[in-house]
Each structure stands twice: as structure tokens, then as C-alpha cells.
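Report on one structure; see the data block that follows.
Note that the chains take the letters A, B, C, D, E and F in the order they are written out, and that residue 1 is the start of every chain.
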Amino acid sequence: MIRCGDTHVLCTATIDERVPHWMKNTGLGWVTAEYGMLPRATHSRMNREAKKGQSGRTQEIQRLIGRSLRACIDRPALGERQIMVDCDVIQADGGTRCASITGGWVALRLAVNKLMKAGMVTSDPIIDHVAAVSCGIYAGQPVLDLDYPEDSEAGVDGNFVMTGRGTLIEIQMSAEGSTFSRDQMTTLIDLAEIGRDQLVTVQTSVTA
Amino acid sequence: MIRCGDTHVLCTATIDERVPHWMKNTGLGWVTAEYGMLPRATHSRMNREAKKGQSGRTQEIQRLIGRSLRACIDRPALGERQIMVDCDVIQADGGTRCASITGGWVALRLAVNKLMKAGMVTSDPIIDHVAAVSCGIYAGQPVLDLDYPEDSEAGVDGNFVMTGRGTLIEIQMSAEGSTFSRDQMTTLIDLAEIGRDQLVTVQTSVTA
Amino acid sequence: MIRCGDTHVLCTATIDERVPHWMKNTGLGWVTAEYGMLPRATHSRMNREAKKGQSGRTQEIQRLIGRSLRACIDRPALGERQIMVDCDVIQADGGTRCASITGGWVALRLAVNKLMKAGMVTSDPIIDHVAAVSCGIYAGQPVLDLDYPEDSEAGVDGNFVMTGRGTLIEIQMSAEGSTFSRDQMTTLIDLAEIGRDQLVTVQTSVTA
Amino acid sequence: MIRCGDTHVLCTATIDERVPHWMKNTGLGWVTAEYGMLPRATHSRMNREAKKGQSGRTQEIQRLIGRSLRACIDRPALGERQIMVDCDVIQADGGTRCASITGGWVALRLAVNKLMKAGMVTSDPIIDHVAAVSCGIYAGQPVLDLDYPEDSEAGVDGNFVMTGRGTLIEIQMSAEGSTFSRDQMTTLIDLAEIGRDQLVTVQTSVTA
Amino acid sequence: MIRCGDTHVLCTATIDERVPHWMKNTGLGWVTAEYGMLPRATHSRMNREAKKGQSGRTQEIQRLIGRSLRACIDRPALGERQIMVDCDVIQADGGTRCASITGGWVALRLAVNKLMKAGMVTSDPIIDHVAAVSCGIYAGQPVLDLDYPEDSEAGVDGNFVMTGRGTLIEIQMSAEGSTFSRDQMTTLIDLAEIGRDQLVTVQTSVTA
Amino acid sequence: MIRCGDTHVLCTATIDERVPHWMKNTGLGWVTAEYGMLPRATHSRMNREAKKGQSGRTQEIQRLIGRSLRACIDRPALGERQIMVDCDVIQADGGTRCASITGGWVALRLAVNKLMKAGMVTSDPIIDHVAAVSCGIYAGQPVLDLDYPEDSEAGVDGNFVMTGRGTLIEIQMSAEGSTFSRDQMTTLIDLAEIGRDQLVTVQTSVTA
């Protein structure tokens, strides 16, 4: 369970020794993710996705989580198995996709630790930390970790997925009903790096 | 959050002042329920319902929860509004439908308390407690609160929804691959009443 | 075709020598059921399920029919084959699930007779009769075989699936908008046993 | 219930005084149709459409039935109401779409008679009979009323929807894996007219 | 790309060396078709089929295209492979199914030419031309190649699929809200043959 | 029709004077987009989306197109109407989402010109150009306008949506199986600005 402000996400990892057809006999591992949100997670109740199928937004988020976590994986070292990371939002107050990536990494780390203790994996397949930070420009000011009221009013909204050693995996910056300059972009990335450092410290402490 | 052994269900109630079309201008209230289970709630990971639509089992359970909770509601006293009870299973170890009903009653009680404090409802629309107990015959012995290994091997499996004052709302008894006698049925109901008394005590303590 | 009052259900059994994957090489047989209702079977026309998918109620009923019929089957004696029982309601006036179970047993009995005559099954895999009775409390009185106007107004509604020798396979008792006592429950089961005896006599006469 | 050889179709008509939105205040009536087939209607069991949605073939047939029946309707005389004709195939042995149209006309005729007796319709809105005949070329010979073994082997297969007075509403002629000449076409229509005369005689006798 | 008046259809053929399961080891080829229409192809924008699933009309048209093209194919000569013809309507002004068949034949012809040049097919599997013509009775006059305003008002509407040497593959004639005589039918077929001759000339010129 | 290398996208804009319910009486306009791809647009044939529903990727792209085009719209100046932009990919060779945005702007510009000529809009609601550029790092080198073979092998892939005057609307940068540095990010944005200038010149020439 990861908590970022009032956003609570339950992240679990399931190891599956059966791999999909297209991966058989490659000797490579895979990491994939699914994402969901309880109907009552938001301030006003949402409709239940099981009733109407996953939205495009949900599918986009779960592809992002999977892609982000795979960036830190040495696939041959993981061996021919699949790890499925489930991120279920229990309470949402902005930044659920970032919390899911950061918490998903913790679940992945713990699952891999278990594989290593069991001797099923010998060399550590996790190359680096992966943490994600949302920030934006709110009322003209750059703000880290937007909560929901800020997020929905933000002119510019960014999500940054970064590694522990400082490189980038994914940048999504988006303006709704306005535009932004390259200077504003630079300011937001600087801010995101500060947030990333804090998250990596927390990840290290809970998985040590 | 209700915990029965290792079964954890998150129950919430949402008050909706807009009622469905067919209830308009009747002056009567309504209670309905939705049910879901996180993919990782069970011992081995299940498929996510948002991906393939709600199963018939899920729909059957949510109709049961709604029907059970309505049995204790004075609909004119509730007034023309709807209360939606969401029951989401975070961890499952048998008896999730019973835990959902018992916990759903707590969420409903707290939501109605709020309405009464706000003066929106003057006379208490909740007539009685509603609690549900699962029991079965396991290895020839009647057992209360089956956990999952017992449940899946039980020759006879029963769910009993009861009121605080001792009457019954719903009985579901089912034998898979065997049958049961009327004497066995009587034994199970006696056992269920003991369980019901314990649950009503807990319900009272958390909603007082 | 089974007729109970104005409820007419067409029951057929199809023997399939190909079994599902998970049953292969077990040597065990299986019985499963599907249920449907013509749009004009009810007093006012229903929507056609082929247009909107099977409802949760339909899926619940077909699982009940399958579970009930399997309770009387000696699976090793049936051998590694599957019997699919189709129950299609042509005209409905209450009690369609009970008529489906009782009539489904007849279709199953006739299909198994055919297998035995053909020498494909040597020892009779049908252990006992299975018959289902609906009864309820209507205007304060216990009533057997509720027809539709009674059924929809009944405070308490019960379905009882029983074997020929007197044991129980399934009990479903439900109160909508009220509750019932243990004494009322006992009265209904006594009544159901009378109904069961009549149905077993009819089943014997049409399959002899 | 119409029987053509071993093809049995249950046809019913439902009068609906509520019309679809686009017909309101036009003063015109409408006739529409739905078509279904029980899984066990064919020689080997089909999958149930309620489980997987209506096939394109089913939708095509029900549009054909509706279009055919509307050709004999005086829409102003019917008045602003809708008649829904349901055709459910209980047993199929070829020619189910033709049997549905011919039987659907009978159901429509009886429903309109009822409206006229009740004084809701004053001038008869049914202008003429509608009957449908299937014929084809089987083993080089033109054949009327193909049954299933003939139908599935026929090189050329035709369905002809005709009125009582001799005009045509719909012609569908189709060759699978071969072609046909204009002379062969003429022979088949001559044959279809003979079949049509027989069906109109039967329609008259059952609706008089 | 075939253009008939203002109807533009993009036809392509894809050769697939993998055949469906039921065709394996038969040595026979297969031709199948899919059909689609861009939302803006019609005068007022249609809904996008990808959002709500293929309509029955779309499925009916793509079965017709496949059946028509197969009538001119020598399946053993084609060899065990499948050719998928895609017909996508870019702009629609009536007669899209006929344009799809006529243009689909061109795409098929070019794909087979390629197979023959590559030496994968030795004897030409295309026996004859296939061309389709729509005509109808508009304002009392027989008209060839109905464009959309005519088509939607036509009392009688016909589609004729014909071979180059003069035989017929499919006739669909349909009256909406009226009927037609055998003489009118004859007039329309005569007209269709004139249209067919023109199309065959064009097909020959673009595939020579 | 926009062509970028071998990527061809058909972009059209439809003006709808009826607005969605939530926009009524706001006086504000709206721009939305839909996206599709013909099955044969790619090198090997894709499945048809109409058969299996829109993928999450398709929904994500159409939301991006709508959001990008809205960034250049003065909603009060547009007035209470909706413009739907359809982008259908006829042939795909990388960069279809960028081509759709750039071409969608052209379709939008032409539709608004038409509204202005008709006097339905008095002040120009289009504030600026919107153009989108894809670039990436391929074999260690930054490359503009990735075509498909480059795109699918690119370690880092970026899409940049920009205005004519130099500000940013959306940045999506993503690494699959690797990561990238801030310097690499800066290089890619510099490159994207060069591409943007070229596109704006083309947009101006075709809409002048």
C-alpha cells in the first residue's frame, strides 16, 4: 500500500511461471501491469468499470505502468517468467498513475527479492529504481505532487517517470486550454527531480 | 472495512438525492448494492472483471446484498433518495458475500446517522440489524464461518441472512456432489444463529 | 416438454462425446445446463436476450439447474462424456426454474436410457430422481406451486430441490420487503415434500 | 405455430401502443420483427445466441421478415401503434426464414383482427396476404420447399416473398460455388408461385 | 480504388498462406471479404463502427462480397491459401456493395496475377469476371446505377451479381412499402446486363 | 488528405449545431476528434476494429488529437457548436498521430473558414496553428519524422505538439527498454521545432 498525500494505492506483484505464447523459449522475462480504481475512491462516486468495461484511460495507464517498470528490468536475468503488477486505487486525490508506478516498483522489488531468496533467480534483474512524479503549473506557480483540486485546475500538468540514477523513462506534459513555454518545462523537470529523490529514499527504506 | 478472519471487505455507502426514473414522486427510498473483488484478493490471482465484464456470480451477489439490506429499511421514513452500498473485497478467504452484507449494514447505518444528524431524515428508517453468516458441513462436522479451504471442500454450504430480532431474510443451502437431510439443515441454522448474535454485538459497538 | 400449470418448458438433452479440456483423461462424466426464455413467454413481452446478452438471473438459473442435476449423477458410471441439458421456457407463469429442473431430469433420464440401450454405459449413472418445487407465503397462507400473480406478490418465496428418497440438494428462501420465522420455514418445507412426491410420480410414468 | 415439413416456428404478435420516438405524431403504424432459434432446433446443437450476441445472419433474417410484412400494411389505417412479430424456431429443417414470414403474417392477421374487434382500428390495414417460399436446384432438378439436406447441398437457393394477388416483395437467389442461367431463374419463380398458392389457402383457413 | 459516380471504394487483397483450421490439408483455397465505411463517407456523418461493433448490414454485405467472389474461383487451382479482400468505402453515393464486388474482383485479379508471376500458382484459378450492378425503379422508371437520392426513394431496388459470360451469381430484389411484377423484374435484369458489360470492359482494361 | 512520407491520413471536419447536453446554454464551442485505421494501412494486415471494438491505443490517440486542437480554439468566439474532426489512416508508415493532428488542424481551419464566410462566426476562433512532430533517437542518432522501421526500433520516441508561435501543447517522450538523459531530451525538442516550422508553412499554403 503506497500513500502519497490522500492517494492510497494497493500494489501487489504476482509471479507467473507460465509465459505468453510469443515469449516461450526466449529465456527472457516480462513485467506487465493492470490498474483499477474502486468506485468510491474519488470524491464523488464513479461508475464501476466491471459494469461497462475498461475505459481507454485505464488501458493507457496500465500500459504506462508496465512500460515504466520494464525499463529497469534485465530481462535475461529475470528468466522466462512473467511478473504481473496490480495497482488498485483505494482512495484517489490526484497523481494515481505516479503513485501506482512508484508503489508498483516496491511490489516488484519485493517479489524479486523472494525469487532470489528461493534461488530461482541468481543475478539481480532490477537495474535501478523507478519512481514517478506529477507536477504542474497551478495559479501560475510550479507545484510538486498536485492534489486533486489543483490537478483539475492546472493549466499545465506533467508526469515524469525517472530512474534512481537520474535518467528519464517517460515524460508526459499536457496543457488543457492553454500552452506552455520551454522555460516552464525546464522548471517542472527540475522540480520533478527533487520529488524523485524523496521517493527513492522511501523505496529504499521499505524494501531494504 | 470489515474483517472476518482473513476476509477483508471495504464497505462504503453513497447517498444519492437523484432517484431512478421509476421512483420519482413516490416518496419512497431505495437501497442498492454493488460488489467487486480485487484480482489479488484470492490465493491465486483472478482475472480482472473490468476486462471481461461482471460475471453472473458477481451480479447474483450484488442483488443478494441489496435485497438483504432493503429488508430492514422503512422506505417512507428514508424519503425519496437512494443509498448505494459498495462492497469491495480486498482479501478473500471464504464468506465474502456474508461479510459484505454484515459490513454493508454498518456502512448503511453510518450513512443514515449522518442524514439524521443533518436533519434530512427525522424518524430512523433502519428497523433492525441485518447480519449474514456462512456455515457448512466440513468433513462430516457442522462448521461456522467456513474459511476458503473448508468452503471449497464442503459437501454442504449455507448462507443465512438474519435480522437482529431473530427472523430470517434469506436462506441459501446448496450441496455440490451430495445431498443433505432436514436434521443437518436444522443443525446449521442453530449454528448460524450463534454467529449472528456475535455479529450484531460487533455492529452495535462500531456504530454506537 | 414439461407443463406445470401454465408454465411450459421445452427440455432437451444433448450427449457430447468431446469433453472440456480440464476433464480429459479423468474417466468422469459431467452434466451442464443452459436456460432461456422466449420474449413472448411472459404476460408482457420481454426483451430478447440474444440482443443484450444473458442477464445475471439467467446465468444464476442455469448454474442452479446444472448443480441440481449433477447431485444425482454417478460421474464414473457416466463415463468421460458430457450431457448438456437445454431448458427453454415457451410460456411462463411462475416457477420456471423448478419446472426446468424437474423437466431437465426427464430429458437426462431419457438420454441416459439411450446410452444404456446402445451399450455405451453399462451401469446406470442416475442415482435418484431430482425434482424442484416452488412454494411461498401468499396473503399470509403457505401456497404450493406459486403462479405468477402470487409469486410476484409473495412476501416469502422458496425453491426446494429434492431427491426422490427425501434428501435436499438446494434450498433458496428469500423475503422481499419482509422477513420470516423458522416456523414458517418448516411449514414451507413440509409443503414442498408433498409437491416433490407428485412430481416424482409423474417423472416415473413418463420415463418408464 | 407454423409447421412446414419438419420446420416448426412459433410466431406471435405483440401490439405496442407506445411507438418509437421518430414515429410520434405521424399517425402511421409500424410492423417490426425479431427472429431466434432454440439451440436444439437443428440436427446438431448450435451455440445459444444469448451467450454470444445475435449473429449477422439473425439480424438479416429479422430485417427481411419485418420488410416483407410491412409491404402488405396500410400504415395510416393501422394508426400510430407498433406490432412486433416474434418468430422463434423450435425445430429447423430448412426454410426457417420463409416459414417465419408466412407464419408471421398469420400472427399479424390475428392481432389485427383483435384490434378491429375491439374497435381500435376501423378499416382493415392488411392489404393482402404475404407468403414466402424457398426453392432451389438440387442435383440438377428444381425443387420446392427444400428441406435441410437438400438446402445445404443445393447449387442454387432461392427465397421468394410474394403477395396473394401475384406480385413480388423480395427475391433472393444465390449460388454457392456455381452460377445459374436466366432460364433456371424463370423455372424457379414458376415453381415458387405454385407454393405460394398453397400457403395462401392455408393462411386463409386458419385466420377465417 | 474503384469509382462509380461519386461512390469511391478502396479495395485491397491480402494473401495469407496460413489457412483456417477447418481448411488444413484440403489442398483447397478460399476467398473472404471484409467491408467498412468511413464515418464521413455519407452525406451526413455516420457513427464509427469501431465504437459500437459491426452492424448486421455490414456483416451481410461482407458475406455477399465473399460469396460472389468465390463463385469465380477454382479452389484447387488456387491451392491451400486464403485471399482476404478488404473493401473500405471512402465516399458513398449509393451502390457501395456493387462497387465493392466489382472492385474486389480487380484486387483479387491483381493478387492472383502476382501469385502466378511468382510461380506459386501455375494454372489460373480465376474462371471468369464477377461484376455487380444495382438498378431500381425510380419515379416509375427503371434506372441503372442508382445514386443515393434515387436509391433511398426507389420503390424497388435490385442488386445483380453476374459473371462475364452471362450467368447469374446472386439476385437481391426488394420492395420497400410496395410490390413489383414479374415484367418489372425482367426489365431490371435486362438493364443490369447492359451495366455488367460496361464494368467487365473496365475490369479488363485495368488488369491487363 | 495529409501525406507525411508514406503516411496518408484522410482528415475531415463536420460541424454539428447540436451540442452535447452538458454544453447547452454555455455559449461555448467544442472540438472533438475520432481516429481510425484501415486494416490494410499497415505493412501486414491488422484486424478490423469494427469487429472487436476500439483499442485503448485508438482511444488514447483520439483524445490527444481533440485536446491538441482545442488548445488553439477561442471557445466563446466559436459559439455554441461542435466540430468533429475525423482522422482515418489510409496508409501508415509511422507518425500517424502527428499527421492526424497536423492534418486535423487543416480540416478544422477550412471548416471554420466556411463558418466565417457564411457569417455564422464573426471573429476568428482559431488563435494559432497546431502542428505535431514525431522524432526519436535511432541507432544513437536523433532523427526527425521517424518512419515505421525506425519508429519500432527507436530506443527513445517522442511526439511534440506545438503552436505556430513557439509554445508547447503536449510532450510525450517514452523509452522502451532503455532510458534517456536531459541533454538528449533537449536535442529532440530542438529538432522538433525545425519540423514544426516546415509544417506550419505547408498548413498556411493549403488554407490560404
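Assume a residue touches a chain if its C-beta (ideal position, glycine included) is under 8 Å from a C-beta of that chain, and two chains touch if they have at least 3 such contacts.
Small disclaimer: the values here were computed from a predicted structure and weren't measured.
Enquirer: To get from chain C to chain E along touching chains, fewest steps?
Expert: 2
Enquirer: Between C-D and A-F, name the chain pair that shares the greater number of C-beta pairs in contact.
Expert: A-F
Enquirer: Between chain D and chain E, what distance separates the C-alpha centroids? Give it in angstrom.
Expert: Chain centroid spacing, chain D to chain E, equals 26 Å.
Enquirer: Approximately how many whole Å separate the CA-defined centres of chain A and chain E?
Expert: The computed centroid separation for chain A versus chain E comes out at 50 Å.
Enquirer: Measure off the straight-line distance from the CA centroid of chain C to the CA centroid of chain F, and report it in whole Å.
Expert: 58
Enquirer: Pull out every residue in chain C that's touching 2 or more other chains.
Expert: 54, 58
Enquirer: What is the sequence of chains around the ring when one begins at chain A and proceeds first to chain F?
Expert: A, F, E, D, C, B
Enquirer: In their complex, what parts of chain E are in touch with chain D?
Expert: 54-60, 63, 67, 70-71, 163, 166-182, 185, 189
Enquirer: Quick check: in the complex, which residue numbers of chain F touch chain E?
Expert: Contact set of chain F toward chain E: 10, 12, 14, 34, 36, 38-40, 45, 48-51, 53-54, 58, 84, 86, 88, 90.
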